[in-house]
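Data first, discussion second: the structure below is written as structure tokens.
Order as written gives the chain letters A, B and C; numbering starts at 1 within each chain.
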Amino acid sequence: MAGIVGYGAFIPRHRVTTEEIARQWGKDPKTIQRGLLLEEKSVPGFDEDTITISVAAGRAALDRAGVDPQLVGALYIGSESHPYAVKPSGTVVAEALGIGPSVHVADFEFACKAGTEAMFVALGLVESGRVEYAMGIGADTSQGAPDDALEFSASAGGAAYLFGKDDTLAEVLATYSYTSDTADFWRREGEFYPRHGGRFTGEPAYFKHVLASARAILDQTSLKASDFRFAVFHMPNGKFPLAAGKTLGFKREQLETGWVVNKMGNTYSGSSPTGLAAILDVADPGDRILITSFGSGAGSDSFVLQATDRLPERRDLAPGVRAMLDGPRRYLTYGQYATMREKMKFND
Amino acid sequence: MPSPRYTREIPTRYRLEANRCVSCEKVVYPARLVCPACQGREFEPMRLSQRGKVITSTVVHVPPGAWLMEAPYAVAIIETPEGARLMAQVVDCDPKSVVPGMEVGLEFRLLKREGHSGILCYGHKGVPTTVPEVTG
Amino acid sequence: MTQFGELWKSSLRDLFVEAASEAMRAAGVDTVDSILVGNMSGGQFVGQEHLGPLFADHLGLAGVAATRIESACASGGAALRLAFIEVASGASDLVLAAGVEKMNDGSEVTEVLASAADQETEAYHGITFPGLYAMIARAHMTEFGTTEEDLSWVSVKNHRHGALNSKAQFAREVTLEEVMNSSPVADPLRLLHCSPVTDGAAAVLLCPLSEAHKYTDKPIRILGSGLATGSMALADRKNPAVLDAVQKSCERAYEMANVGPGDLDVAEVHDCFSISEICCVEAMGLFDRGQGGKGAREGITALGGKIPVNTSGGLKSKGHPVGATGVAQAIEIYEQLRGESGARQVDGAKVGLSQNMGGSGASSVVHIFGRA
């Protein structure tokens, strides 16, 4: 059975707090923190982007897998902030990781689920026997307009998953994808900031697809919430994933390990994949894990995984998510944050 | 930087590929045609470790245009365990904290953008491994 | 030589013509056999390459052999050396060696100067020219205990000399406090540790010694010339605090001239940054390695001291029009040995040295002069 042979995540070291952003716009920090369950978020440096984050996460995945990068037959990067409008991120990442030239590379996009999408396809290629190893990465340096709710959550980070058939750290027991055309959040070509449908992004978009996808995979596998040790859902803010989990019958203890959004923010294509990495950092052999992503537009990918005996042996070969969240970091003022996120106009 | 030149330099910049001189064992980075130590012309390919130690450094306050937003930033000469020395920025820390002797890891970063419409230039920068602290 | 400074009214070609004409007038000549002009980057500063024919043409000498010589900030010294070799070989009997740079016509000076560094391994990473010397300074401070104050004394001394030089860009003194409080450029170097951005030109005429009496009654002889290179990138040097190329170029010049550091009465040394003077006086053999800070601090290299260095004001106070510097240094020694330096005169100066350096020390060219 195919599964994850290596995984890695990367979160930039700069932060800006909900309080700092709220103060900028004359809002009450406590109201925002309570409403969104967000305390702070990661901010990418001038020298960081989806490509650099993917390379860091990809290196960690290869380190944990102990696999020669030359054996990786496919590499997919899912993001909604690819650095080039035309020119793949995947080719830069492949060369940096020492993958190729015999490799299939493509960039994916589907709002926040481009990461699990890349994972979905990578897994499929391995399962079919077409390639021995394939990597799917979800990474983003997402942008929120000034004085918009998204500004509190849009952050930067990513996670990489290397799939193979042997020596897996977690087996993939099932996958399921649920998709419909729902314009809850979008960005037109040439626009700098995305737009969203306000409350329409909730029940008819996020919840409809996440719940449908999760229920279908539970049905498909004849499993219920209590059969799992961990569950992680896409985290556009702190509240939605906890609400979705509760509706599906998951308890707080099952949700809290993957729930990294309050300190990380929403890393879009990196969101649930990073939550999954946080889970793999501590899961015991035999633990069942559910991951359900959500991408506006809209769709949800679900995976059911089971940790293997090999996981505890390999996971310390690269940094863990908690260590990155709690480790060396630098807090920015709103002005520094806005400069770094290119919200200010400068002379050429 | 023009694309042909950038593409040629990818093994050096992305993978820290270097040469070891067959005659005198000197590690040459970036790789060259002639060994600077013994003038030998035969080499074995190798890659540098992704870490090293700061030999000397400075903090640039007056930057060239491409780095205007990032100043002040630290730049250092870093020596890898193989004995190769390279120049790189050291980031994700207070620039003033970068001093000779500091241990750094080498991370893949965007080194510069060629304006609004040119290519993106990637490479490595140092990130301290020794001092964990929260700042700001 | 022209005034050194921000010369808004003078173009690159104007500067050359002014300095060259002055030299030719002083010698009473209206043509030369050959022109060698040192210039770091007419191309990047003002978009103009092919300076040899351009300058010959504008001097009214189209047809005369003329070439531009480049070795970054050592271009002037390199032009002087090649002129010396051209005359010494017998190929020419009257050679104009000039240096010129026009830096203030709106170019991105930081970027142009950074092209003297290694493009692939240094400039690509965002280092600046001051940044390279800052790294040298830090290495020197770490290994030898040199202090920021030591660096600052060099600036103070050179400004004291430059205040007496009407051609200097900054003909005024500075205090130690001013230097140590000036704005940071690249730690540990501050604004007043760095030579300025300058327009200017300088020119000299060289001829065989036997002909010198035709042009002047006080010719100054070139006793020795030495040129050396070192590793281009700072990372490739054995010790970033030691300027090997400077040491080698001095040794070669001393050998040709048959003199040693102890025989020097006066010297012009390449103080593009305060630390450079400290490293260069060590490399020249005037001070032990690591002890160069003593020079300015204790007045040993000041006017009135044991071995005055940079009586012109150095690059710091006089200015540093990159390609012109090497030739301007030679002019200072020339005037000193002829007893024409006025308030800056080193009494009885008989033997002088000029040392001109390129990039972060990857090239260095030295000349030793004596009374004929």
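Just so we're on the same page, a contact is a pair of C-beta atoms (placed from the backbone, for glycine too) under 8 Å apart; a residue touches a chain by one contact, two chains touch by 3 or more.
Keep in mind that what you see is a predicted model, and the values were worked out from it rather than measured.
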item	value
Hypothetical removal of chain A, resulting connected chain groups	one piece
Innermost chain, taking as reference the mean of every protein Cα atom displayed	B
Euclidean distance of C-alpha centroids - chain B vs chain C, Å	31
Interchain centroid distance [CA atoms averaged], chain A/chain B, Å	29
Centroid distance [mean C-alpha coordinates] between chain C and chain A, Å	58
Residue list for chain B, restricted to those that touch at least two other chains	70, 89, 111
Touching residues on chain B, where the partner in the complex is chain C	1, 9, 12, 30, 36, 55-67, 70, 72-73, 75-77, 85-89, 96, 100, 111-112, 121, 123
In the complex, chain B residues that touch chain A	10, 14-15, 68-70, 89, 91-93, 107-111, 115-116, 120, 122, 125, 128, 131-136
Contacting residues of chain C [partner chain B, same complex]	108, 110-111, 114, 120-128, 130-131, 134-139, 142, 183-189, 231, 233-236, 240
Residue numbers on chain A that touch chain B, as the complex places them	13-15, 45-49, 51-52, 55-56, 59, 83-84, 92, 95-96, 98, 327-332, 339-340, 346, 348
